[in-house]
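Consider the two complexes below, in which chain A is the common component and chain B and chain C are the respective partners.
Our next item is the complex of A and B:
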């Protein structure tokens, strides 16, 4: 069994999980133009962009010798729930003999979930499985913690590119961990490393904080969203996302209520605008916008895959929120046709609007 | 010596070069088609500017438009800014009470909302070319009329005809079929104007409440039929400013002026000799990753001065 998986954010956690359980792992390459070309070519034209890119990723991993794909299913009435099934069918039609292990929410189908767990467990003992899951969970938490520092401080680096370089090297360190102690060690070293980077501080009043919300894949995968966090940082704005993998695990995989509090709080905030879960991350997106607003962020960028129905609904709600609160929100549609020059112009103008607004407030006071 | 400020707007269809004085009076302006060699075109226009205003001192230079980064680097611009901010800056100068700006250029259209003299919201067309100048240009050519006459002819139409304006291809086939039904050229042109405005409203305005004063600028503002269609749509007078086609360039010149005043620095402008340098553009495919980006390399007198086209910043960060 040669396992592969979708590429979203850092792939090293998944790689670590399967490696520590004794499987052979084919880590897919970072999505590139080739991935997108593959995905667009073999997916139905009307499918959402993440389905296409992930299919492209699978095809590349299959070329590298993978024979088993492990992925999560979706929940709610959005098409994402069928991604796994649709991709399975497409790959089988293309003649690939590939096994799919699709994890759906355990509470909906506990037996199916356990069957999948047994396949992944392989020959490892339960003690080993628990230990591994713990290590990987610690790793996810730790990496997200470090990435949040990068997303904040990179806005003020004196020499462009230092934080990005450090972040790449730090992720390579995480890749080599074997235990939870290693995670702690790497984290300590990472914080030291980031603290040593020269910062050109900006007065607190002039700092700009931007939240990024939207569909999870386009929010989490920088190679697909035009490195939006780095771009915003380069314009001198701090960034925080509405999605981090460790928070996704907390909400979706850990069956303890205390781990779900944050997400429930966000969902609650979206309730006024979208009452029910309409699929994808529409309700979360709207809730996260309100959350960022309440926390004093200066504006929000909303990312939606072209053709994503739930996020199209949130986009309509966004128009309303912008008017109701006079709050700057920029909605960007992402697919293979995205023109970078156009997107940069929008982002730059959006940041100008925010700066002008801040400036006006200062004068008014 | 009196100082002047230069503004350059490198659009996808046209290139605008202006010079303004301390009082934002336009002393020089030129509007030329971008035939794919923006560096040469700007060089020529700057030479003309220099000829006319040789006695003035250059106080600052600003560059805007889709080609702003590269041109800004080559000229030694003091300010490099997006066209949305630039356009609004100029409009606010000539019409300080403006609330809504419609801007339609060759390749894109914009809506800018102003509140108490600052931009508070904006939108750009995302998906389609049916709402832009290039499309009108193309259709005028197909109907055998000059684009300059488009507006006047459309206004002579007696009847209304509805043309599907969502997408250029469908708009064109709809126009052809309406022609075959016997509608006149004037009626088709009027229908097209209305379709463009309808498309603009659906795509950019998206239910926003628009407030007067309305200002309509960009190259397409020359078209009186489109202005009329906007007025019918918003139920209010729409102003086309005197310098409607060079507003972006004026705005960026003003921003350059403000920047120089604010910082007190002297301009980074490399001087008119820049127009003597030989520029050469080459490209190669980077093989460092599967993206295989096409890297565009710009040389001045044989020395690499700018690289662009890479997604990762491997080259573009290394030179500038």
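Our next item is the complex of A and C:
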């Protein structure tokens, strides 16, 4: 059994999980133009962009010898929950004899869920499984913590590119960990490393903070959103996302109410505009916009794949929020036809608007 | 009090229900005009650019109703029509979307959640909002719901006998149309029956002497039987119905070909697509996708339907001739 999985954010956590459980793992390559071309060629034309990229990722991993795909399902109504089934149909039709292990909510099909767990568990003991899950969870937490520092401080680096270089090296360090103690060690070293990078401070009043909200895949995967965080940092803006993998785990996988507080708070804030959960992260996106606004962020960028069902509803609401609060929000659609020059121009214009707004406020005072 | 019902989306499936419901409660029911260029243009202008054309049409109809000085515009929030199965997220966020697009429309909107066990949406608990908002008594509401349900079931029974919905909604003496070949038309009611958006597709078929069967003419149990083939049902109830109907059409000999009519950018349909294209080929059933949007031209629709059905006719009569020859 050679396992592969979708590529979203850092792939090293999934890699670690399966390797520590004793499986052979084919880590998919980072999505590239080739991935997108593959995906677009074999996916339905109007499928959303993440489905296409993930299908492309699978095809690349299959070329590398993978024979089992592990992914998550869902109970909708966002299309993402049905990706697995649709991709299975497409790949089988293409002649690939590939096994899919799709994790759906255990509530609906407890037997199917347990079967999948047993397949992943393999020959490891339960104690080993628990230990592995703990290590991977610590790793996710720790990596997100470091990434948040990078996203903030990179905006003020004196020599361009130092933080990005450090971040790549740090992730490679994480890739080598074996235990929870290793995670702590790597984290300490990473913080030291980041602190040693030369910072050209900017006065507090001139700092620009941008929140990124939207559909989880395009928010979390830099290779398909045009490295938007790095771009914003390069323009001197701090960035924070509405999605981090460790927070997703907290809300979706850990059955303790105290871990879900943050997400519930965000959902509550979105309730005025979208009353019920309509799938995907539509309500969270709107809630996160309000949250960023209340925390004093200067603007929000809303990312979504072209034609995304839930995010189109949030986009319909966003105009209203902009009017109501006179708050800058930029909505960007992402798909295979996205041109980087277009995105750069729009972001630049957006940041100019924000700077002007800040300047006017200062004068008014 | 005047209640406005936009002539779009679920209008084509539930209008008899809604009309009877509100009229039994003593309200006047006003519908928006038939979809027209001006309604579509307003919708295209006001709605989010990327959204599918049925939603743009709906937005246009809502504005059309505002011009008719109605007291309320009825925009229900369809959440679920079967346990564990939802509707397209755009339906679930429909009232939010309309509120987001227009300032100050909140108090003009009459909305409530519809969470039902089946497509029969008459369950009382869905309508309790009306008691306060419209000032009706529980008893009246219950009676009205019952009347509405009867009326709707009557409409559905005729529908399932093969009368198309436009006939049932617009004429007192509905007609059935026959033809020398039969096409299974897979598509949501608002794409199949909105004459403006689909360039009067049903009439195109009629002129070509083609009989059309749609999903709303199928018995639910047949659809459900087909859906059992899937380990995991799709999340959208009407999409499931299309899927079940399509598989039934693939197996039936009296259906000569299948046309899937879908709106540009329709999310659920994009997931259905690989299943239909792959399996119709396996069943050797001719299959075509007809995509419509605000820029669709009439000649485009006619040309494609003609070409597709011509091929089916050639195939059918050739096969019949060979059979004769053998005898």
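Rule of thumb we're sticking to: the second predicted complex is superposed on the first by the 361 of 365 C-alpha atoms of A that agree within 3 Å, B and C clash if a C-alpha of one lies under 4 Å from a C-alpha of the other, contacts with A are read in each partner's own complex, and residues count from 1 in each chain.
Definition applied: a residue touches a chain if its C-beta (ideal position, glycine included) is under 8 Å from a C-beta of that chain, and two chains touch if they have at least 3 such contacts.
Bear in mind the structure is a predicted one, so any value in this text is a computation, not a measurement.
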First, second, both or neither for A:196, with chain B first and chain C second: neither
Partner chain(s) touched by A:258 [first = chain B, second = chain C, both, neither]: neither
Which of chain B and chain C A:352 touches, first, second, both or neither: first
Partner chain(s) touched by A:125 [first = chain B, second = chain C, both, neither]: neither
Partner chain(s) touched by A:333 [first = chain B, second = chain C, both, neither]: both
Comparison of chain B and chain C by chain A residues contacted: C
Contacts of A:29 with chain B and chain C, given as first, second, both or neither: first
Partner chain in contact with A:319 - chain B first, chain C second, else both or neither: both
Touching both chain B and chain C, residues of chain A: 319, 323, 333
Parts of chain C lying in touch with chain A, wherever the complex brings them together: 47-48, 50-52, 77, 79, 84-90, 92-93, 95-97, 99-101, 103, 113, 231-232, 234-236, 264-271, 273-275, 278
Complex contact set, residues of chain A against chain B: 29-30, 32-35, 160-161, 227, 319, 322-323, 326, 328, 333, 341-342, 344-346, 348-350, 352-353, 356-357, 359-360
Parts of chain B lying in touch with chain A, wherever the complex brings them together: 66, 81-85, 108, 116, 118-122, 124, 126, 206-209, 289-293, 311, 313, 317
Footprint of chain C on chain A - complex, ascending: 44-48, 73, 75-79, 81-82, 85-86, 89-90, 93, 104, 108, 273-276, 278-280, 282, 306-310, 312-313, 315-320, 323, 333
